[in-house]
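Here it is, the structure in full.
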Amino acid sequence: MYKIAKENLSALFRLIADSQELYLPVKTAGQVNFAAWSEEAEVALDTLKSVKSPKDAFFPQSEGLYTVRREGKKMKVEPEELKSQDFVVFGMKACDVKGLEVLDNVFLADPIDTFYAARREHGTIVALACHEPEESCFCKVFGVDAADPAADVAAWMIGEDLYWKALTEKGEALTKKVKELLSDADETAVEAEKEAIRGIAEKLPYMNLSLDGWNGDALSEKFDDKLWEELYKPCLACGTCTFVCPTCQCYDIKDYNTGNSVSRYRCWDSCMYSDFTMMAHGNNRTSQMQRFRQRFMHKLVYYPANNDGMYSCVGCGRCVEKCPASLNIVKVIKAFQKQGGER
Amino acid sequence: MQELINRAKEMLDDGTVARVLGWKAGDLPYNPEPAYFEDAESLKDFVYNGFCGANLSKYMIEASKLEGKTLVFLKPCDTYSFNQLIKEHRVDREKAYIIGVGCKGKLDIEKIRAQGIKGIESIEGAEITDDADTLKVQTIYGEKSCAYADAMLERCHVCKGKEHKIYDEQIGESKETKDGERFDEVARIEAMAPAEKFAFFQKELSKCIRCNACRNVCPACSCRKCVFDSNKFDSAQKANVDSFEEKMFHIIRAFHVAGRCTDCGECSRVCPQGIPLHLFNRKFIKDIDELYGEYQAGDDTESKAPLTNYTFEDAEPSIVGKRG
Amino acid sequence: MQRIGVFVCHCGSNIAATVDVSKVAEMALMEPGVVHAEDYQYMCSEAGQAKIADAIHEKKLTGIVVCSCSPRMHEATFRKAAERAGLNPYMVEIANIREHCSWIHKDMEEATKKAVILMRAAVAKVNLNTPLQPGESRVTKRALIIGGGIAGIQTALDIADAGYEVDIVEKTPSIGGRMSQLDKTFPTLDCSACILTPKMVEASAHEKIKIYTYSEVENVSGFVGDFTVDIRKKARSVDMDKCTGCGVCQEKCPSKKAPSEFNRGLNNRSAIYTPFAQAIPNVPVIDREACIKFKTGKCGICSKVCQAGAIDYEQKDEIITEKYGAIVVATGFDTINLDKYDEYAYSQSKDVITSLELERVMNAAGPTHGHLERLSDGKAPKEMVFIQCVGSRCSDDRGKPYCSKICCMYTAKHAMLIRDKYPDVNVTVFYIDVRTPGKNFDEFYRRAVEQYGVNYIKGQVGKVIPQPNGKLLVQGSDLLDNRQILKEADMVVLATAIEPNPDVRKIATMLTASIDTNNFLTEAHAKLRPVESPTAGIFLSGVCQGPKDIPETVAQAGAAAVKAIGLLAKDKLMTNPCTAHSDELLCNGCSTCENVCPYGAITYEDKEVNDHGIREVRRLAVVNSALCQGCGACTVACPSGAMDLQGFSNRQIIAEVDAICR
Amino acid sequence: MSIENKSFRPKIVAFCCNWCSYAGADLAGSSRLSYPADVKIIRVPCSCRVNPMFILRAFEKGADGVIMCGCHPGDCHYSTGNFYARRRMTLLFSMLDYIGVENGRTRVEWVSAAEGVKFSDTMNSFVEKIYSLGENVRLGDLRCRN
Amino acid sequence: MSSNKKKQAELIEEISGVNPLKCMKCGKCSATCPSYNEMDIKPHQFVSYVINEDVESLVNSKSLWKCLSCFACVERCPRDVKPGKLIDAARQMVVRQRNNTYLSPDEIPELLDPELPQQLLVSAFRRYRR
């Protein structure tokens, strides 16, 4: 266990950024998102939730796959290179780290997504415990401990110091690199902080949400439920929930004609969009109700069915805060619960 | 609020309307959602308070397709949108029974959070009947307070007025909230040097995640299929690959609603990245006012929209450079 | 995928001297879809066209790009050549490498580079071209003329003489219009009735012309070549077939207090009346407002005295529905209301009259039987004052901003006629400008001054003050002598501004013909298409389009007739296939496109659609391709991109943009 | 690429209406009135056919300047097309100016079929302006640069 | 010097709100003017004087003080030129030039002679009734 004074953090960032890319929460035009560190960047480690989850450090919103260039009447294909440089993501929260586990199950299972795999391989994560979880948080429901993030390095911001604890080999390696800035520390302060965080979490309204009835076996029962017809109605079919979500993994593949070449790229897709999974024959989800249902069924039923009961929601609460119509997964879970109670 | 519920019950009971479109209390103090109520029983969840910012006119497009009349609660600014939708034949006036509800400014939870208030348990003072100028917020860390005006959405500070432009009846008082000028911010940007303007918008738009919330919440963006979702212009790019995409999207978004946008402010309210999207729309409104005469979309259902109208003496496009 | 052939023309040395044509052809082969490229001396020559035809056959081309001169020059040539070779003519695009390239650039390398880019843009466009078929619509060989004045009569006669059926709809009980109210006509001073009546008779006797008097157009639907019109035949209360026109009913009618419309209200007529002696048809009408029988149920004298038994109190309005291929609007004019000009004392003194009223006064069949006399006391006037530009050229809301055009000449005519017939009467004309452009017009005006001693004073009259002695004190100014004039006159004649018949607004709306701020119908092009409305199949005749005198009206009537005949002569209309069309699945039904269409080609219909399995009835824009001229205003107004233009589609233009920018 | 760089050759798209401006360009050609080859003309039926999307598209794909020409107001072949185009372009250009795109990169000019001289003068001055502004970096898609 | 003349003419246009170029020289103003014979510069000429930027002559003319401000010309002008307003504006100019020696509105009430017809008031009613 090490620690570093808050005032030395910029030296720490500079040192990391000297040898590799460093992503961390940066405030731009009033909003905090993960972005590459630079001297000018306004680092905002105090922010509990970045608007977008940091998943795009590993699964960017858009990424090139390959470019086709025309040479005379011939074509030349130039594949995009895989990530080969190490990088650090600093300040991810426990829920976001758990989100990566959800993505891993999808992208690292056969067939392996090489782009994602390369990023996972080269990325080192320094996770920061949540000092004060908020009322929209419900990570505990999914077994996430906001006080004790599981990453390459776990960190706690306590008073004027940042506590640092390497948990993996990658974490050790990074620790070694920045050792000169760290000093030894004992765990008492961290243990106290953990208790404090868990104490706060206990008081939050969503933390003890029940997931009774939501599992891989609930498929047809939940799918056919009439309640969806009610729940989806305020949904505006925007993609906010999916784009801020740390676990949504759907993407679309598109071509861009630059005039001289065609770039094939992939970009996040949203099951809320009307052309989601549009195929040559048309669309297999023609109504917003179906698309709305898809999102929650996927998170709470389909995904657990295929991943040993693991949900693909980590309770970060971003959708709770950002949905323009104030819909969210918690309301859906509660609505079914209530209905169940009435039955 | 009880008055609204009572009236809604009455109208459901006597069969005047088949459903009620209003807001349903959320599970947090600040997240009520737009909702349909089809029986008196369900109305127990009805709520109307400072957090009911959603413009229900947009939902009336779908409601107009349903059997029977819909009782809809519209705030003063929502009625402009409703008028505009009538003009564009997107809602059916006959299918709507409009109760104009009072408004004393709508609240933005982000603004409350920005004051360092977290762990919110309950909020007092947001009810429409409350006279207090201060919100009392109970948090897990104790009671906090926040001036109502400081928690208000930007749009309420430059409110167009608390007059309902269309309604069947009105319930509830309104309170004037305007304490700023609508076009001040636009004028401030106009006065910047080109490089400065560019930097400003570049910074704001770089946050855009193309979630389309601004578009989908907009009562003017009521296209069945947006050009950015269709192949008609070869413009269906979902990605934010390069900064150009956002500029294209936001300029065209604003252009397509130019002369139709009522300045209801929903786009800015819903943007997850807090981009001041209204600055695009208001720029067009300001230009239209200055070049073609004052025009408020949604003021009526008859007048010719500025972009489907002209005069021989209209300003030449070169005026853009001359105005400096 | 298209199979495109690119043909690069040398145009002798016009292109080849500055553009490396073989290089352009060579580069063309690199473009997607291009399977054939060649260059040739003169692509437009027979041999050149044969090369295109050969390539179409041999290489099975589906599209063609010709790099040559401007499409305005030879697009039609190459389209025809392609059509002869079995290719849809709209699969041809031209890259303009002469006017837009070789002729304006000197450097060969630069010009060649540009020519290649222009070729690429055309290829990119052709890749997205689709075969287009001109639509066909049938033409009903019958024309409708709205308005039975000289304009309408002349147009009807011209069309009928060409062998087509013509119907005239006239609102009043007789055809003849304003011209029938005139006494003499300038600049020849021949009697108006003497030249008009034969035309009226000819029209009524013409086997191809059917006249609906006392009738109005009620509704118009359809489009060019195929209009359907409802005509309301108002109840005349007299059987047209039985009436012999003997006139006894009018003589015996006890109600004689209705103001005569024909005599501008200067005297009265009976309740059953024909407007004037030469009326066509010579069948009276019962004015039900004035008729004692209709008001009280008693009387019925006319019925009793009618030998023919033609009176029919029970007659009802009748709606006639008829199909027409062309419609000519000839609704004419009226004088403006002078209520707002109290300085001229028009409503205060009977001796202040309008020029049109003077026409009736001067006319032998008029209220004074042609004697010039004061309407107040019947005395012969000694001093006459004419005031010009009353309500014309006026920028406030009292009058009209335009020049009424005819007043200068008819005032000269009146002055001259008065001085001729009553040499002891002094005539003074107050004018702002005297405008006499026209054959023999200025000579006519000079004759009034030089030969007849009419006193012209430059300066508008400020005020006309009725005096206790019955005279009228005219206060004017002589701007040239710089003095103010006070003149005692016996009569004052106001050259009142004319305005389009107020009914024209209603009619224009029915026809979707556009109208300007002064209620004149707008022509399709101010210079090049002056007798056509922008709405196809609608033609304009006479003053409804703008102020004009009789010869101009007759000329325009003839022109409108020719345009209508040109339309009626066709069995079918080939419509330009480059028209707008709406994608039903994308249309929002918002009416924005409808608001910018200058041709009224877009209408909205409730239609059932199948949107990916969702069946519902939606309000959708429908483009009538017979009316659409292909400007594309709607395509940009449409926010969803539902509206697109064939031949210039969004994706085609974008492909061109991309090709140029790459 | 900097402004000083002599090798900078701008890409300029000109939308010309078929009835007046395209004919004006033809007249410029037949009168041998030269203007830089950087200008490439796209023929449209009427200036009202020009969608703001086309103009942004041109910039996206690397155009350095876009000019639209139409019949003089009041002379439109379709009577009213250019009136609508005028309002649309005024608002669009104002917006581009507002977000910091140099105003000189966009222009509307009314050129009749008889104004070959005006056409070439217009193009010459527009191209000169684009040269002085240099490459369009604020509104292009970076992917189109290679 | 000439720019001064121009300024004066512009000032007249500004005060009166009249665009003299709209005049079509019909003379209805002169025809209608009750003080015509008293005037050296006739109402219809006011317009030309302003167009020709000869405000000085206008200011020095008799007409300036002969105009009754009856506004008959304003009422009847078909072109919205309103010579009466021009002459009124010229008078305003003179008044403004003399402002030092003129009374301020505050001083007037004490100086009012009850016997005196309240001419200014009456004319003000007439002048500003619209």
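The chains carry the letters A, B, C, D and E, assigned in the order they are written, with residues numbered from 1 in each.
The rule we apply is simple: a residue touches a chain if its C-beta (ideal position, glycine included) is under 8 Å from a C-beta of that chain, and two chains touch if they have at least 3 such contacts.
Values in this document were obtained by computation on a predicted structure and should not be read as measured data.
Chemist: Common contacts of chain A and chain D?
Modeler: Looking at chain D and chain A together, the chains touching each of them are B, C.
Chemist: Taking each chain's centre as the mean of its C-alpha atoms, give the chain farthest from chain D.
Modeler: In terms of C-alpha centroids, the chain at the greatest distance from chain D is E.
Chemist: Taking each chain's centre as the mean of its C-alpha atoms, which one ends up farthest from the centre of chain B?
Modeler: E
Chemist: Give the chain pair, either C-E or A-B, that is connected by more C-beta contacts.
Modeler: By number of C-beta pairs in contact, A-B is the larger.
Chemist: Suppose each chain is reduced to the average of its Cα coordinates; what separation in Å results between chain A and chain E?
Modeler: 78
Chemist: Measure off the straight-line distance from the CA centroid of chain B to the CA centroid of chain D, and report it in whole Å.
Modeler: Between these chains, centre-to-centre, one finds 36 Å.
Chemist: How many angstrom lie between the CA centroids of chain D and chain E, rounded to a whole number?
Modeler: From the centre of chain D to the centre of chain E is 50 Å.
Chemist: How big is the gap, in whole Å, between where the Cα atoms of chain A centre and where those of chain C centre?
Modeler: 68
Chemist: Mind pulling the chain B residues that touch 2 or more other chains?
Modeler: 225, 227, 233, 241, 307-308 - these are the residues of chain B that touch more than one other chain.
Chemist: Got the chain C residues that touch at least 2 other chains?
Modeler: Residue numbers touching two or more other chains: 596, 637, 650, 654, 658, 661-662.
Chemist: Counting only residues that touch at least 2 other chains, which ones in chain E make the list?
Modeler: As it turns out, chain E has no residue touching two or more other chains.
Chemist: If two chains touch, include that pair; go through all of them.
Modeler: Result for touching pairs of chains: A-B, A-C, A-D, B-C, B-D, C-D, C-E.
Chemist: Okay, in this complex, where on chain C does chain A touch?
Modeler: 29-30, 612-614, 658-659, 661-662
Chemist: Residues of chain B touching chain D in their complex?
Modeler: 186, 189-190, 192, 194-202, 227, 233, 235, 241-242, 244-245, 247-248, 251-252, 254-255, 258, 280, 283-284, 287-288, 291-292, 306-312, 314-321
Chemist: Can you list the residues on chain A that touch chain C in the complex?
Modeler: Its residues touching chain C are 72-73, 257-260, 282-283, 286-287.
Chemist: Across the complex, what residues on chain C touch chain B?
Modeler: Within the complex, chain C contacts chain B at residues 583, 585-592, 595-596, 604, 611, 616, 619, 637, 639-642, 644, 650-651, 654.
Chemist: Quick one: which bits of chain C touch chain E in the complex? Just the residue numbers, please.
Modeler: 343, 389, 393-396, 398-399, 430, 432-433, 458-463, 475-479, 482, 484-485
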